[in-house]
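Order as written gives the chain letters A, B, C and D; numbering starts at 1 within each chain.
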């Protein structure tokens, strides 16, 4: 049988070699530590870039929970200027779609970063991270559908490239968020980010993380993220990228069958730096063994 | 040293022998399968009772996920009449506080059950389960603060006994829910219930659960439930009962140090039917070894 | 009952199946054929539920239980790693078990690991003096577990393998039919486990051959003791508007008349 | 580098510590003292992160790594269960490692399992002809790991135990002071690991005794390769408004001058 087709066009201009990419903030390129050539990935997604340099949260920033990881890294960033100067050139040399994740506390932050990046070549899309739970007590852009839409409309005006909106799972009804984001100009939705959690050190009698709260990722949250992908894929007609707890090809296939056009892998990279390649291969094998010609053929299969 | 005091009065009239009780729907009494005498528990909490008999959801109803359990049992119930006739008499004979969990889709359902139970003796309090994610697509009483308050005010009128409101974790800001519930008449809050999730069988290419969605419980959700207990205990001045993923005494102590006055244990009962007694003992040991005279002394300790 | 048991022996039966022998006097004394236990044999927290296993053999004199199992996923893999001398946690005995007739013949129809609970039934029937006719099927001959044990208690053991090597891979229900019609053996009660197709096939034979057939059902279980309401199957009930009720496999089962089950 | 390694030996050193010897030629060839690896030696999914371990000994000729570890929780318990012949997954070598002087004397101050990375440093210094003065402390004598190994490479090994049996439980910094003042030994560089108190104590001694002190820090790590930004420590930096920057222990460390760390 012919080898199955892994590549696909998510939106005009954004072609993925395959449906697997790293989740923002969990994978680095170029510092020499790469276990494989990043050009093999469906896309490269950067750590979220902020408008100005940010130090991030006070340590401890990490804590392992059963099947999960709490992180309160807090989006440290070199700032967009340094990103353009130091980091972006290195990322452009890989032969795959480059998605720049952008973080901010206000619409102005996003506009500053994107405005500054629009003049750069070699960027395929922006992923907007509204959902970081570690940024203190600002306006809940990530969890209020109207605030999200408002912010998005402003950002849309400055961005010619596709906008991927990464939705927070810390909401009552993610379908509302998805619909409003789509109406306000999102081209693609990433579902979801970390769920806010915490842990207490009963010996020290205080919260483990410097920031008290952190974002929960890893296999623990997979059933929740999968449910949200299912809901969002049924609520909007734009592509969905699924993320949350994916550790192997079977997990990725669940997300795709729930309706995701692509998946991101975060926490699983830490224990197994080769895991994304293994997932790409596993998806190809599944397609081939089950007689599917392309990834597209199994998107949303479990909904039918 | 003197043995530490485990008992405490949650609200006037509701005295717990110790701070550990089963989570509704996860522990049965009297069918002969008890691993220990239920009178040793801080309280007995029943499976949620509905106004009329309910069959529950179509199977499969259970699915294990990494560190978690998805259940789509769907609140099968014999109905309040049969409950009074067949089940309640057996529960009354145990020498500990009896909390009847009540489920419903509308305020009228709750009113019917509670109205009917008010004439019975031997019940210490009601726990209102607004948060069941398995009940189809009714009004979101469990996730909309205004609807919750509205329902609660009506229910409050018919209930002389303490009302424990069990909050859903499937919300953006559980503090809002807690504040409105308190204003509308809640005496105690149970935080939290299961998080909605799902799983897909990639071989069959369809959702695993008969109901598609189920509630996620177990260690996977502990960091999220703990964070919500921390938030709620800081937002309201009424007692909080913590629940979600508690598997041992250390977990229970985390919830108590986050501000919970008592804890419930659900999924952990399945693997270890003695776990609640072990947790009671573990809490007592911790208090004694660390020189605390009573449970009260460590409630909220990590907040200080 | 929630108790510890000590592994006294553990061996590979064939490429797919293992037999674990556990010392647990109280359960061995109380358990009846058709009952099962919930087993936990690991500390890792990613496996949150204990797992149900039928009693393959119950040896009250030795105070031992035998479990025949197939490695399927993470829990059975963990069990496979446990060594003699190690302890496991057991809830049991659970479920209602079977009721055997005073006299006559029974037939056991098992597909694959479905043979497991049938052995305990066959052994009890044998010691009561009943005639035991056993029918077992699997993909190929060396995947039929427990053959030696069944041969000890059965009047006759009939096999069928999907590869066609034995009995041309014919369905066990047809082989049972042969026994009744061609050999003239009267069967009073049939027990089956491991295949929905077999159970359905038996249902349509009950009237004609005048036997009662029971199926041992499997559902995913959390508690095993009736608390969680998770392990239900659909059972006919004309008194309800829907025409059925849900019954808990762990509490009202795992043995159900095939005529009552809705698939 | 992400590779497999084979366990060639695994033994209990004392009640708290174990030594695992792993065959991994590439890492053994590349690694330098002070570096570490991320290790995964389990399949269970409740442990989501690999765990960082210092290289206790680096044996390029044998193609082997030695890890000295203490059982603390679930991951170290899993490692303890792995047997010779089994494989583990390794990311490494990681971190910057130490820079040794061309000549002179170094001191190593280790508290408990903090001794682990010091051995590799001592061994490298020894083969370079430096004088190695080692100071180790623990609760009691039989909990000081690696004594034999240190005695092989060190000019002198000085111990202190909390139970007061050896050197009256005095802090290692005071014992170092004795060496310098009473015995007149000149120390050029000090490395310490395993106790914040020791590192702080060394900071206040640097000026007086004219040595530079480095501490090997530990922070919880997820990636070990600089990606996750999780393992940061506070390092002085007068150029920032806050007066400090966060540095990644895995990437910019784990070795930091004690004078730069903010505790």
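Before moving on, here are some points about what is shown:
To be clear about the criterion, contacts are C-beta pairs under 8 Å (C-beta built on N, C-alpha and C of every residue); 3 or more make two chains touch, one makes a residue touch a chain.
Composition by chain, UniProt nomenclature: A, B = Dihydroorotate dehydrogenase; C, D = Dihydroorotate dehydrogenase B, electron transfer subunit.
As the structure is a computational prediction, the values presented were derived from the model and not from experiment.
The chains that touch both chain C and chain D are A, B. In this assembly, D is the chain whose CA centroid lies farthest from the centroid of chain C.
Here the CA centre of chain B is 36 Å from the CA centre of chain C. Chain A and chain B have centres, each the mean of its CA atoms, that are 34 Å apart. In whole angstrom, the spacing between the mean C-alpha positions of chain A and chain C is 47. In chain D, 45-46 are the positions where the chain touches two or more neighbouring chains simultaneously.
Shown for chain A are the residues in touch with two or more other chains, namely 66-68, 219. If touching chains are joined by edges, the resulting network of the protein chains shown connects every chain directly with every other. Residues 25-28, 31, 33, 35, 47, 55-56, 58-64, 66-69, 71, 73, 76, 218-219, 247, 267-274 of chain A are the ones touching chain D in the complex. Across the complex, chain C is touched by residues 44-46 of chain D. Those residues of chain A that touch chain C in the complex are listed here as 66-67, 219. The part of chain D that touches chain A in the complex is made up of residues 1-2, 40, 45-50, 89, 91, 219-234, 240, 242, 245-246, 251. Those residues of chain B whose C-beta lies close enough to touch chain A in the complex are 65-68, 70, 140, 143-144, 170-173, 195-200, 202, 205-207, 212-214, 216, 219-224, 226-227, 230, 245, 250, 253-254, 257-258, 286, 298, 301-302.
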